[in-house]
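See the structures that follow.
First chain A sits with chain B, and in the next complex the same chain sits with chain C.
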Partner chain A sequence: MTTATTSIAGTAPINTRGVGVRFEQLSKRYGDFYAVDSLDLNVAPGEFLSILGPSGSGKTTVLMLIAGFVAPTSGRLLLGDQDISQIPPYKRNIGVVFQNYALFPHLDVRRNVGFPLEVRGVPKDEIAKRVNWALERVHMEKFADRRISQLSGGQQQRIALARAIVFEPRALLMDEPLAALDRNLRQDMQYEIRSLQRSLGQTVIYVTHDQEEALNLSDRVAVMNLGRLQQVDTPKNLYLRPANPFVAGFFGEANLLSGKTQGGVFTTDAGIRLPVTETREGPAVLCVRPEMIVFGDERKSDFPSLTGTVLETRYRGSILHIELDTPLGKINAVQHINTTNDAPAEGTTLEFGWDPNLGHVMMGQV
Partner chain B sequence: MSTTIPNRNTLLAGFSSADWESQRRRVTAVLLILPVVMMTLLFLVPLGYLLWLSFGGPAGFSLNAYKQLSAPFYINLALFTLQLAFLVTIACAVIAYPLAYMLANIENTLSRLVVLGLVISLWLSVLARTYSWIIILQRNGVVNNMLQWMGITDGPLSLVYNQTGVYIGMIHILLPYMVMTLYPTMRAIDGSLVRSALSLGATPWTAFRRIYFPLSMSGLVSGSILVFTMAIGFFVTPAILGGGSANTIVMAIQNQVQVLVDLPLAAATSIILLLVSMLILVVYEKIAGVEKIFGEGR
Partner chain C sequence: MNEYLLGLQGRRVLFAYAIVLILFIILPALVLVPISISADDSFVIIPEAFSLRWYEQLVGDPRWRNALVLSLQVAAVASVMATIAGVLGAIGISRASPKVAKVLRLIFIAPIIVPLMVIGVGFYMLYARMRLVGSFFPLCLAHAVLVLPFVMLPVSARLYSIDKRLEWAAASLGAGPYRTIFRVQLPLLAPSIFAGFVFAFIFSFDEVVVAQFLSGPRLETLPRRMWEGIQMGGLEKTITAVTTAQLLLAVVAMLIISIWQRRSATKAVSSK
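Coming up: the complex of A and B.
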């Protein structure tokens, strides 16, 4: 804020990039229950990071820790290079978009968006300029004089966003901001939030329980479960290189085989040997995505060679799901439908395999 | 619409929105008959009778009663009553606001017990609550004994049978009404609004002043109206705790009926009291109106 206010030229503020956020062994305990357990996480300046996890996994708690509404039990929280764990919320300069928007019902749109500037003692004409700037960014300049009760859900969402960026916060936090909107609107808003964040260079930490949303929006996604961070990675790596079975199961379907790996060979608990590229050794879980599975002649010589009986087939749009009973247990496969292939009849025996380069070994998991 | 009563088919086929609208209006009209009849019988008829009585009643039209009321005696009485009601309302607001705030925002057993206590106190007889203040405030009552025992005062203070006693008693009796109107308004204020204000850079005091207080205003307004109207018509407490030193308009009316047996005068006083109360409410609504805070949107 301090650097940003002085550098305003014309109506559009020159934006400083957001700053980084760093969690060091941050924990929040309620009684003897850890809502957030030893969180280590580094969010880069200008990064869009989503926090994804099932209900009760501690996502909101993480946001409230950053915003300052929840005090950490232990650990450090750094904004830029400043430890903010002891700083009250109103001195943190962090924008928060609440799930229910939290717009002030007794103030009109203009006063709502101007509120953070007013409480900072910004002069009136300056407030007017910057409110207009923020409203333009969310395409709501025509609604400046409306009351909050006269806005639709999506419009309120935009105003909440404008209010959270108008004071050029050091980071922007959003707690399931689109959860209450319908599907189409949600996609539009996703696109707008993303392009706004890019153009402002704003650091965004975005909580959602919608994987598709997290994958669409984020540079990286932090997956949480039971208060613990499971993995932080790019959307692609979360899918192809999940750190553990929880993450593998969270993003799409996965065939998970437990066993141990040694010298490029994975041996399942039932004793079946499968080629892998993993060179480490020890107990592990092998993850094979349904779309990696190929049948019959499509297999290459280095693919594992297995047979299975078709249990069930289902069409879902352009995709055919095949459930197989195999020596590995039940295996799910999917195939893209083209004009030449027909669904195999139930009970048919099929030969199948996959590219060992694509199979992913998760070490140390049982 | 050819028939007013929809047959089975139209019922099954579902109403068009126009049908639905007219149906609803008809139901509303039927449901309103009873309250309208009750209002007329119990409220408007007696009021009309009172008005007729105040202008002379059976003895024929005269403005005599109203002329009598312009005497300084009655003017002073009215001013005192207004002052009493006004100060009691202010005191109740000042005490009730922080109390209701704590009850609404702190969730523990104690605050639930206090709410329960307040609700129960609304059921207790005003007479009983008034008399208990005599026991507490009299010359050798709990308060005076305590003060002397602690060495704060040398002799007993006169706390009752004077205006002090009336104020204490009325504030105590009317306080729960203020708290119980403020409490639901405050409960309904979304906590994320204040949190959001803080995250936007408002200090806790600014967040309270700019967000919480304006949103609790509607409760404060209706609580004040309730307490003020009740205070202006209070009889039992000023009569018992005042010991003759806190005469209000209502006590004058009682006197007019029972001692002077001047029914037109009593009726005229009642009418004036009613008009003054209504005028004050209208002015108050204009100044601190709920409508203004939320606009026509709600």
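Coming up: the complex of A and C.
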């Protein structure tokens, strides 16, 4: 067994064991309410994909559809190149880690982890070997003979993880697996889940509503809202190139300006003209992140030149937040604090702008 | 809370009430215990000499013995049938859609709500037409219907407290529906199944109304024998031996149930 405990986000998997998952126009309707609405999504083999979204956005429903616990109303679901929409959950070979762990209370740790092998009729000595292997992977080999009731929450989570990987599932689903753990433990577990996934080349679909967790762990993040997929992209692109105002507002702070764009000029609803790199034309929303905003001499000649009055300043750790009243409306800016700069006094007038290359235009959004 | 609400006086009254109530509940059962082990024929509550002659009579006298054996057989067959049907029914209902489940649950619980007399007459008319009055298995079947709710109720209650996700987890790990029932659900339900079985057995063992209708001249169950004994020659002391034995049986069963449930409760709680 090759170890890959040092590799974390960004390195290539050593071997790829997982298969791809593809959603084609998959919908789940309850009455006339769409919990999942025409989902199109392609998860690559060995990819770590997070599903992120506010409460009720349909994240759990997506996982349950993949696992087979709820049946889709329409659409297709492919595991590798096999349509699994009609296959019962126990024949899908997909590992699931539940938020509450769902370990069997009447079985000890060893029997819990061995359960999927037992039901597959694996010989006893082979089961023992594989169980030990899985327990080692989650650093729980010393706990093999414990009862489930004798384990802490974090330990139970590790056992649930071991049980879900021991039968080499084609994909691994996790529904907010760390939500019940405290912050430190959560970070340790994030690291371990990620390195385990890397070393096994496991396809993982991971539901969370913790942005930081999604960004830390994932190759790509799928953002959902109201049952609809908003955007699937790398953490960096979700931040810099959000597809719509919902995604822009979901990841960090954003100054959103609505208007229309034409020939490299964005005109706000109030008629202010701003330079952009977008060459398409039509109604659009311009997204400017607070940290893109620069003041005074830091501005270059091609930056928009605007003035604003300081409404409020706040220190948050090493970062200074400045709220400005401007012709564009309220604008939020942040600056890194170094020893030479002081917070501008309230009421001060500041000249500001941003690099037009960084401003991001979202077409067709109002 | 009560201490502040009631005051000293109030607490004394409440305590006295509780004692009286409890005595009233258990005394009728308890007075028979000393009577059953007293040597003489009269019904004195504090006996002078002890003997097991009434127990000997229960086993020794062929009429009593036959009644005892028959009742044990009926109770055993009926409660086993009810347990199998009740457990499967409870699992089935837990998987049905909420509307269907509601109706089914009502049907399964009905034997507890409908008066025994009504059920007795109903079965009697049915069996009379089919010439089944006075036969062993039909009587067991009728008793099985009667005691079905005693199994359904505890098993359903337990099913609802078991996390649905354990079932899902089993499925995701490759266990089909039957394996999930045998490997996950039944082990977790075991204490409540046993409890249901015991309630069913005890109820059937001393059920007299329906038995009266269905046993015809040939089948004399123990409660029927007791009933007839009382009607014919006044109270026979063998009856006190029967009731004491029943009491003992019930107490032992309850002890086993409570110990078992406490142990499995600590297991189940930790999974949440």
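The working rule: the second predicted complex is superposed on the first by the 350 of 366 C-alpha atoms of A that agree within 3 Å, B and C clash if a C-alpha of one lies under 4 Å from a C-alpha of the other, contacts with A are read in each partner's own complex, and residues count from 1 in each chain.
Here is the rule we go by: a contact is a pair of C-beta atoms (placed from the backbone, for glycine too) under 8 Å apart; a residue touches a chain by one contact, two chains touch by 3 or more.
Keep in mind the model is a prediction, meaning the values are calculated, not measured.
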item	value
Superposed partners chain B and chain C on chain A - clash or fit	clash
Touched partner set for A:321, first chain B, second chain C, both or neither	neither
First, second, both or neither for A:163, with chain B first and chain C second	both
Touched partner set for A:102, first chain B, second chain C, both or neither	both
Contacts of A:69 with chain B and chain C, given as first, second, both or neither	both
Which superposed partner A:194 touches (first chain B, second chain C, both, neither)	neither
Chain B/chain C common contact set on chain A	67-69, 88-96, 98, 100, 102, 104-106, 115-116, 119-120, 147, 149, 163-164, 167
Chain A residues touching chain C - in the complex, by the definition given at the top	67-69, 88-96, 98, 100-106, 115-116, 119-120, 147-149, 151, 163-164, 167
List of chain C residues in touch with chain A within their complex	163, 165-166, 168-177, 179-180, 183-184, 187-188, 264, 266-272
List of chain A residues in touch with chain B within their complex	67-69, 88-96, 98, 100, 102, 104-106, 115-116, 119-120, 147, 149-150, 163-164, 167
Residues of chain B defined as touching chain A within the complex	190, 192-193, 195-204, 206-207, 210-211, 214-215, 293-295, 297-298
